[in-house]
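Right, I'll just put the structure down here and ask away after.
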Amino acid sequence: MSTLDKTPTAPSPRPARPARAGSSVGQLASDLLRSRELAVLVVLLALVVVATIKSDGFLRGDSFRDLLLTPSILLMLAAGQTLVIITRNVDLSVGSTLGLCAYGAGEIMSAGHSPYVAVVGAVVLGAVLGAVNGTIIAFGRVPALVVTLGTMLAFRGALLHWAGSDRVNAAEMDPGFLDLGTARIVTIPVLTIIALVVVVGVGYYLRTSRGGRELYAIGSDPDAAGLFGLPVRRRVLGAFVASGALAGLAGVFFAARYGGVSSNAGENIELQAVAAAVIGGVAIFGGSGTVWGAAIGAFLLVTIDRVLPILGVDDFYQQAVVGGLILGAIVLDRFLAHRAERRLARDREVTA
Amino acid sequence: MSTDTIERAVDQRTYASYARPLLWRVIATREFAVLALLVAVFLYSRSSIEGFDGPLTLYFLFGRSLPIMLLALPMTLVIITGEIDLSVASTMALTGAVLGIAFTEWDLPFVMAMVVAVGVGLACGLLNGILIAYVRLPSLAVTIGTLALFRGLAEGFLGTDTIKGFPEKWTDLAKQATSEGGSYPIVLIPFVVLAVAFGLLLHFSSFGRGVYEIGLNDEAARFTGVDIARTKLVLFMLTGAVAGLAGVYQALYAGVIRSDSAIHLELQVIAAVLLGGVSIFGGRGTLPGVIAGVLLIAVLNSAMRLDGVRDDVTDIIIGCLLVASVIAPTLLTWVSGLARGRVRRTTDHPSTATAPPTPSK
Amino acid sequence: MLELADVTKSFGAVQALRSGSLRVEGGSIHALIGENGAGKSTLVKIVAGVHRRDGGTFRFHGDDVDFGSTAASKGAGIAVIYQEPTLFPDLSVVENIFMGRMPRGAGRRIDRAAMYAEAQALFTRLGVRIDPRRAARGLSIADQQIIEIAKAISLDASLLVMDEPTAALSGVEVDRLFAVARSLRDEGRALVFISHRFDEVFDLCDQVTVMRDGAYVGTHAIAETSVPALVAQMVGREVGTLFPKTEAEIGEVVLEVDGLDSRGTFHDVSFQVRAGEIVALSGLVGAGRSEIARAVFGVDRYDSGSVRLRGKAVRPGNPRAAIRAGIAFVPEDRRQQGLVVDSSVAHNIAGVIRRRLSTAGLLTTHAENRAVRPWASRLEVKTNALDMPASTMSGGNQQKVVIAKWLATEPALLIIDEPTRGIDVGTKAEVHRLLSELAGQGLAVLMISSELPEVLGMADRVLVVCEGRITAELDRAEATPETVMAAATGTDLADVHLEHDTALVQEVTA
Amino acid sequence: GCGSDDDGGDGGSGGGSSKITMIPKSLGNPYFDASTAGAKRAAGEFGGKVDEVGPTGDAGPDSQVPFIETATQQGVGALVVSANDPTALCDSIKTAQSADIKVVTFDSDTECRDLFVSQADAQGIADKQVELIAKQIGDTGEVAILSAAANATNQNEWIKLMKANLEANHPNIKLVDTVYGDDDDQKSFDQTAALLQAHPDLKGIISPTTVGIAAAARYLSTSEFKGKVALTGLGAPSQMKTFIDDGTVTEFALWNPDDLGYLAAYAADALVKGEITGKEGDTFTAGDLKKYTVGANGVVVLGDPFVFDKSNIDDFKF
């Protein structure tokens, strides 16, 4: 890619803006309208409203709590996935990593250590597993898809091998730790708060730090990034370590929330994480998208699971709906990108 | 990973191999390595794993891995064009579901039901193909979406039902061996036919040449008049159709249809294809290599189970094989490059300036 | 300040640099000239740390260096403008300019305000108006080039290397750039300036180094040299023999382009090409010539207009249809568009005709080789190389393979974009001879070239493209460097001063 | 970045002897851990050998097939299977039988086996659970069922019988929903939450699966519904103790899975030794469980389900 690619294969969900003389307000408005985050958020809220109308129990007490609490795990994974996808990679091993870390945390506690040790241990373990992926991908220059597919199998296998048919039961875990699974601060579950803090942190990093912008650059055009002298390998490695660590944290959440960890913890959740990011407008080909979008996408995915039965949709169809959402999202991206190109062409027209 | 560095790695490999005599070139290929490994594992198992040398071993092995073998054929072509299809297993489940419904609820004659099912597979491929080839969406995202969609439809259609009671003559056919008590299921025959057909298509046709060109450099392919979109559409439709066949076979082999049939099979298929020497970047790989790859995984599975190794260990091994098989080439070039680099540095320039950090202003 | 001696570099079989040497003092602007493919960019990329040299010495500020990465060269104070713009489409213009070293405020947080301010300052200094907030995706080649320049000068490096920065710029922009360049020189920095335009070289530079076929030829103070002298060194032999254009009798109309229009790229393009005629599309890089050619051949779609070949309309946006109609297209980027470098020469040459070669749907290597040989030998491609990957061949031979591939289709119209870019002088002459020979046999040729001498030497007619419009149609007699340049830059004849290039062209076409 | 070591038992050394391969629905389920333990205990007594193999995580109807096939290749004496699917296993089981391998199913039956060792007859299990929930919610209100996999044979059987019973004998109890947790902690947990969200007036939940009831109890114990929404079903005392103690659950039922495995192993041994053929009326002695008689169409019933509550929960370790 020596010149900026005009090839439509690389979708640009965040369409470039033509140079319009200072119309900050109108700019803002039109931006919001075009903003994927907003669109998904609207859908999400609409769902909640409809569900509440149909079933008064929907937002009552613990149901409301669960609505916020349940997505927190996927939220972590989606945040990590965003970091990785922005660099034009993908991490399919997060589910297995989550499992390993959740079980690890449980084991640490049932061995009688303090929950703090367990949390730190899980996060570190996650980071290490992420580093394994990152090293192979960044330095072996092999596609993330294949590598993380492999490590997904390998990590899960390792967990099965380690846990065997053993499971960590609620009784073996520190009660204080388990309470974390449901504790609330002014009606907002603690786990959700932590998750949101993490998301905000990631978002802040991506938006306002050099490193963050470099991640976008790398995903936007890896060749140019190399030619430019950006520390491509270091950044990609970093992204995977972060993704791993977040998966580790998600593992901790898992243990605290479900109060039981067996060897199949977190199976198949990786696709949901990718889906959340994609639905939230993170371009699978890297370079654009925000963690906000991914977070909202995560909320949407989980909430839909809850809402469909209330709307009378046979819950056997939930998978199908998720699939439809993903397709819808990327088709929308494509459409927006296409419109943006046409507009740009027109701009060259007038400037020419 | 910058593509041009990869290209350079690839170039070096090409030069290296072309510097050597033909025989060596053959031996140095991935396909050969996989084949050798397959033979080695097979012989080892025969000699030292108890029960492996019985006639049942191969019979079970083929019967069980036929869906993977089937799906690997079109998947190879898809991956050689640089795309991927993660939705094959879900397509199998969906076609299975439709087969069952068509047979039990719509009371179609079984042959018709099978035709309908395969048709549905074709349609699934068509959906993937249109979105990827003509709407130009990344196949990874699309097929992750359809993976969920097709599986979800299967679950929706079947719910808790388990559909069974297919005509004996078909279920038997799916399991019949060529000879009484022989090691080779009859269904191997259609597979071999398909394999040959795909082999000719990929290696001895203009279409196949186009498939490689798309994978190596789609821009150049377009400039030589290869119809990229159509090629990809055809490949995804083929994949869908074969997935349909596999779904039907799976249903007959298991004797039942459930919404969770063939779950996660796509990973095994892709693993096998990549293990067989197909480059995920496209443009490289051969069908014989892939078939060797599929069989390698199948034999490993069967042998280790016989040896009482738990599946999780097998998973670890296959996962590592997969990763190893993709880093091997880059690793080699890296090592050789390192060697060359060291030589040069020592000969040419004694001192190398370490750069100060970029001035930030 | 910068000192390169006997630097060698090869890519596989392509020896890009045989012995590149360059000596640049602080406080001076140094021109690096040479024909396409002489190795200028490769030398630059070695200075920049993109490529590592295979051999030779490389001194910067007196000490030996071997930059393993562009970061290293940047750190050492070298700024480079590459020939091809390298921007990040998804990021905003400022982010592109300051990538990797964005100004940071409180909490190590990027200080966007400061960034925009700096960017504006840069743009005013360069006298351009680009919205620093817009995304880089879709900028015109010219704007991309400007941003590259802004990026480079904002580094305030002690050595600034510019690889054909003016190729896509208009007169005004060029003048601005030169003003900036001079002020940098007067601050005592060193500049390396690569261009194919002699007037720019003579106007801006203090010394000039000539390269040929990847080797150093000589260095002169601008004051003490002349165009003919330089050209002689660039080309390495009597220039007069370069373009043996034989007169062919012009036949009936083959290609008929009418009102072709592609939004944002080119507009209302109409022209004809007749059998036996060589028509050149000339203009600045980025003017839209390739896009026109691509549209005619059908790899790009166009919004309106029509393309007819031998009177029959050609289906738009479909290369296959174009090929069937009898159009052949040798694209400008050999390694990306012309060839599948990783597959064998035979496969490449048979690339287009192979559909005809298969019997009962089956295609055998044997049949291919049989069909390929005559063309390989006609273009003197070593036939023992047939089963080698094209990537193992030199630029010149690669170009021959591309041409062979298209001649094998026995076309009625040959579109050839930058026919001699990046190939050695010998092959260059061969290609030119071949072109006029083919024209002589009644083939219609549409040639795109950025090299004035080539255009003026080869073409029966010259169509000048400026910002996507055909601004002039000049026949052999009318076509002079002035008339072409005037039309290409959209300035009027009086303001074009090209005594140097004129001298060159007179030299050439004498 | 990853290594592997292959441990695992030795292949089967010849048929004949009571060499038994135990294939639970999936590894990693305490309920089956217990049954396998019981089988091993039995084998220790009658001098046979029990290997446990099985799918790690449920992967489709035929996920157990490879293990049956492998055992067939190894020529073991008998298979003791808890079937993931009543039909999908049959062909492989037939092949095994034709290789003169005895096939005993336990816990969950198939259409084609020599013997089915049933934890308790289906009707009894269904009635017991209905009885418990009726008692706990005062025989009136909305209830829902949290089952295992949507295709689980025995669960579906019980659900069918429970529905019938409710309609016949408990007009005021309304079964509003049946959801499936796939014997997966997380899924069962979330399904419970979803149930309560979708049916605000829910009075009780029946979960006829040990994983399900534990997850549901775990959710209830952490929610405002604790004590308000009744939960019963089939659970493992070891997992349920906490919830009995904290009052989330008052009563639930189960048989002793350890005994179940123990009995199944003895039955298999008896078949291998030829003491029984599996026809109605055959009798055999199952160690300290004393004498058992094969009932109609080859079913051996362990006994009635046992009800656990605060008073007795501490006496059980499985």
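Letters A, B, C and D mark the chains in the order given here, with residues in each chain numbered from 1 onward.
What we mean here is this: contacts are C-beta pairs under 8 Å (C-beta built on N, C-alpha and C of every residue); 3 or more make two chains touch, one makes a residue touch a chain.
Every value quoted in this text rests on a predicted model; they were computed, and no experiment measured them.
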Greatest Cα-centre separation from chain D belongs to chain C
Whole-angstrom distance, CA centroid of chain A to CA centroid of chain C, is 43
Chain-centre distance (mean CA atoms) for chain B and chain D, in whole Å, is 37
Rounded to the nearest Å, the gap between Cα centres of chain B and chain C is 42
Here the gap between chain A and chain B, centre to centre from mean Cα coordinates and rounded to Å, is 28
Multi-chain contacts in chain D, i.e. residues touching at least two other chains, fall at 1-2, 4, 27, 56, 150
Flagged in chain C as touching 2+ other chains are 71-74, 100-101, 104
So chain A residues touching two or more other chains come to 136, 151, 154-155, 157-158, 160, 223, 225-226, 263, 316
Among line, ring, star, complete and other, the chain contact graph is other
Contacting chain pairs, sorted by label, are A-B, A-C, A-D, B-C, B-D
In the complex, chain A touches chain C at residues 2-6, 10, 12, 14-20, 208-210, 213-214, 216-217, 219-221, 223-231, 287-288, 340-342, 344-349, 351-352
In the complex, the residues of chain B that touch chain A are 1-6, 9, 84, 131, 135-138, 140-142, 144-153, 155-156, 158-159, 259, 267, 270-271, 274, 280-281, 310-323, 326-327, 330-331
Touching chain C in the complex, chain B uses residues 7-8, 10-12, 14-15, 18, 200, 204-206, 208-209, 212-213, 216-217, 219-225, 227, 283, 341, 344-345, 348-353, 355-361
Chain B contacts chain D in the complex at 49-52, 54, 56-57, 60, 64, 159-160, 162, 164, 171, 175, 253-256, 258-264, 301-302, 304-313, 316-317, 319-320, 323
Touching chain B in the complex, chain D uses residues 1-13, 27, 51, 53, 55-56, 58-62, 65-67, 69-70, 72-75, 85-88, 90-91, 95, 99, 149-151, 156, 180
